[in-house]
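Each of the next two complexes has chain A plus one other chain: chain B in the first, chain C in the second.
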Partner chain A sequence: MKLDPAFIWTAFVKLLSAVPTTLFITVVSVAAGFLLGTAIALFRIYKVPVLGPLSAGYVTFIRGTPMLVHLLLIYYGLPAVIDGVSAAFGWSFRSVSIPYVVFALIAFTITASAYLSEVVRSGLLSVSSGQLEAAYSVGMTTPQAIRRIVFPQAFAASIPNLSNSFIGMLHGSTLAFTVSVVEINAKAQIVASTNWKYFEAYIAAAVIFWGLTVLIERLAGVLERKINIYNRGGVA
Partner chain B sequence: MIRLRRITKFFGRNQVLKDIDLTVEKGEVVVILGPSGSGKTTLLRCINYLEKPNAGEVAIGELAVDCKRPSKKDIQALRRKTAMVFQHYNLFKHKTALENVMEGLVVVRKLAKEEARERSVRVLEKVGLGDKLDAYPSQLSGGQQQRVGIARALALEPEAILFDEPTSALDPERVGEVLEVIRNIAKEGITMIVVTHEMGFARDVANRVVFMDGGVIVEEGDPKIIFSRPKEERTRQFLKRITPEANYSI
Partner chain C sequence: MPGAKFDIAYLFDYFPKLLSTLNVTLTIVSLSILFGLGVGFLVALPRLYKIPVLRRLSEVYVSFFRGTPILIQLFLIYYGLPEMLKLVHIDVTRTPVLVFVVLTYSLHAGAFISEMIRAGVTAVDRGQAEAAYSVGMNGYQTFTRIVLPQALAISLPVFANLVIATLKDTSLAFTLGVMEMTGKADTLITLGQHYIETYIDLAIIYFVISFALERLFRLLERRLLRHERRERTAGKRFGRNVPSLRGLLAESAGVPKGGAGG
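Our next item is the complex of A and B:
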């Protein structure tokens, strides 16, 4: 086999058109997963009846099963549910009209929510109880104290873990190709299929993922330094 | 002003406060003394409900709260009538000195930002930190942090300030600067309850000294009398241990 360096460049340029799709899937599922994960973390920390134990079970199940399985379960299971509900109510809506990318977004949000709930939970637990007590002592309500005092500190402490999760979800988003979403990985396959230069196409894909990953790490680094100016201590 | 009636507190099976009655008049400075583990911190924290008493009544001014069934609103109201200065400062780590003081004024008291800032600057200047407004807690010494803590409490203009061993986490050479600040506030006639082991401070500043041991108030009274002629043997033993000069005769 002979490597065709010129085609790496050609593929690279063509793959760029799929970058927005990859980023869209990643950003949406991380953002939605973060919100859901935060709720889950709060249910667990505050030991909310029913929701607390339910959340704990959800997290072990999702973390105990592969991301690809979440995607396939949603892809094959959700349409049946939607069509069933739709038929029962006599609606004309059918699952075939749902774009493929929506299944990927839902499945990846579920994946991300379980992992991010653990990130959020450890962030919240890293804030000392004295901070909350001080907030109460000046008269804040629990929601005020959480919003103004606990969350900002938990977030600052979580940035490295958040950045890791984000990168994990970026790489995991390649699975979306199994449900016909044309993200970077799927695009590489398409680009190579005309001339069988898969190796070159995947090298180009690898370079793009690497670049995106470095970018995320850099951004997280900047954010961490900016947000953590109040933290002079620590081991570093 | 502050009336505690029959306050009872258990941690599991361990009864930490046993039917405590205590009244503090407006403008009074009450110092609570007692060996470690006697329940001083717990008592103080029951007043602003950082600890929930199992039974009894906490009253501040017109507001009386039955500890059997306090509503969220009652607890909130008690907290808004008081402020606390903590042993370990508990400053909001992610906020500057100025922001620490402003926080309660803006979020809880709903003051306009500008007004809150003006008042906060004034109070920080009063505790000698006019040049540290933008410093984060991690950039301040223990004594400076505790003075921010005092400013945070003072700015709220509460009906009473609760101090829990405000100087016991400080290096010895920093204790004086913080006591000095507390002394000055005391002169302004703010109601204060101070848990401390600083006998000199208690003698000079307190209107009344309360001695606790084993979850009960053993004895209370004028500091001059308590320190020179305590009625109870337990008080005498404690004072003997804590006042070094008393030991020279051994």
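Our next item is the complex of A and C:
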């Protein structure tokens, strides 16, 4: 079997139809993970009695186990829990009616929340306490100071980490093929299996992921420069 | 719900069975990191010394291996390499899958390690090398006695993250049919249909190993950074210790500043 360059292009065009699924999984899990991660980070920074240590344990555990294991545990474990609860309350709802992609979204959100909580935490801690003191001294309340002074600076400081996490989740979304979600990787397998041109199909998939990654890096770079304008020093 | 009813006895039953394949997982990790260090050095040097053409090549290499998912790389090398080698009349159809897996993880780790080396060497203050020269050390002595130990200490947290990430990534090798822990879990499930018990065991094992690795690397880091700590306490004495937001929000001490290490 010889390399068929024409098929790389054919596969590339076919794989483009799966890009929205990959991006959908990534964006949703990163967005939900960011909200959950922020809550976790705040619990830990403010040392909330029970929730603080619980969050720390959660983050350590999730970061210590592979993303694939999270996905498989949710995929096989959650239906049992849902059906058990449903049966106990006599509902007619059964886990069979839940689409596969939902399990992928839940699992990836859990993974993302642990990693993003560390990003948010390090971002918040990078803001000097003098900023908060200055905000207080001009008469701001704590919520005002955090919303107007601390968060924007923390966000600016965590853009590189955020883009890295986003790229990590983009690459991780390839695991969704194990629960029958047709994203780019699964699509490449389908396209390849029709005529056994695996190499060509995966070249096309690699090119798409590479392009997406470079695009995200560029966008993050532009955003970082824009948002860090306040930080340039000087007088004009 | 797929599979058999949850039975806690299987948690204990499957644990030793999964552990029996731990050596395969650890072999993949250690070989990949070892080869990855070699690849990483080779890739980092052209960029550190700004060698014209090689520098561009290593940039593309790093960009590609960091810009595509490891799963895609696994398939790409597993399906692509034999075809490539066929063009030069080398037959690798009998080569065990494990070789392809280790090769992929080595190339993947190599890209990240080259970035780590670059960052580590750049982070060492040039004044350190100048000071070494001024007390009469030669280039080799300066590198091995002054620059390398500091670069090592700086890159250790990144290295620790990388080793743990590689450990977790080995769970993907089962897609090519390698009998490492996740592959073993797959066969156990095919036999007994006990999905949840198997995956809980799997999670526990991965967690314990990465937790132990993290602790080990932290100890090592503390040892390598002995000289820094003395400096920091000296800084405090002169009142130049700037408090962070953490200091104000929650008064705590002894926690390292947040960053990549987390």
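In the analysis below, the second predicted complex is superposed on the first by the 231 of 236 C-alpha atoms of A that agree within 3 Å, B and C clash if a C-alpha of one lies under 4 Å from a C-alpha of the other, contacts with A are read in each partner's own complex, and residues count from 1 in each chain.
Please note the rule applied: a residue touches a chain if its C-beta (ideal position, glycine included) is under 8 Å from a C-beta of that chain, and two chains touch if they have at least 3 such contacts.
What you are looking at is a predicted structure, and each value in this text was computed from that prediction instead of being measured.
**Q** Sticking to the clash and touch definitions up top, decide whether chain B and chain C on chain A clash or fit.
**A** After superposition on chain A, chain B vs chain C: fit, no clash.
**Q** Can A:Pro152 be said to touch chain B (first), chain C (second), both, or neither?
**A** In the superposition, A:Pro152 contacts chain B only.
**Q** In the superposed arrangement, does A:Pro49 touch chain B (first), chain C (second), both or neither?
**A** Neither: A:Pro49 stays clear of chain B and chain C.
**Q** Between chain B (first) and chain C (second), which does A:Tyr230 come into contact with in this model arrangement: first, second, both, or neither?
**A** After superposing on A, A:Tyr230 lies in contact with chain B but is clear of chain C.
**Q** Which partner does A:Ser137 reach: the first (chain B), the second (chain C), both, or neither?
**A** A:Ser137 contacts chain B only, not chain C.
**Q** Between chain B and chain C, which one contacts more residues of chain A in the superposed model?
**A** Touching more residues of chain A than the other partner does is C.
**Q** Let me test your reading of the model: by the given contact rule, A:Pro5 touches which partner, first (chain B), second (chain C), both or neither?
**A** Touch partners of A:Pro5: none, neither chain B nor chain C.
**Q** Look at A:Met67 in the shared chain and tell me whether it touches chain B only, chain C only, both, or neither; answer first, second, both or neither.
**A** Only chain C; A:Met67 stays clear of chain B.
**Q** Once you lay one complex on the other using chain A, what is the shortest C-alpha distance from chain B to chain C, in Å?
**A** 9
**Q** Do chain B and chain C land on any of the same chain A residues, and which?
**A** On chain A, the overlap between the chain B and chain C contacts is residues 130-131, 133.
**Q** Looking at the complex, which residues from chain A come into contact with chain B?
**A** So the residues of chain A in touch with chain B come to 130-131, 133-141, 144, 148-149, 152-153, 156, 229-233.
**Q** In the complex of these two chains, what residues of chain A are touching chain C?
**A** Checking each residue of chain A against chain C gives 1-3, 45-47, 60-61, 63-69, 72-73, 76-77, 79-80, 83, 95, 118, 121-133, 150, 161, 167, 170-172, 174-175, 185, 188, 198-199, 202-203, 205-206, 209-210, 213-214.
**Q** Help me check something: in the complex, which residues belonging to chain B touch chain A?
**A** 48-50, 76, 79-80, 82-84, 86, 88, 90-95, 103-104, 107-109, 136-139, 152, 156
**Q** What does chain C use to touch chain A in their complex?
**A** Per the stated touch rule, the residues are 1-3, 6, 63-64, 66-73, 75-76, 79-80, 83, 164, 168-169, 171-172, 182, 195-196, 199-200, 202-203, 206-207, 210-211, 214, 242-250, 252, 257-260, 262.
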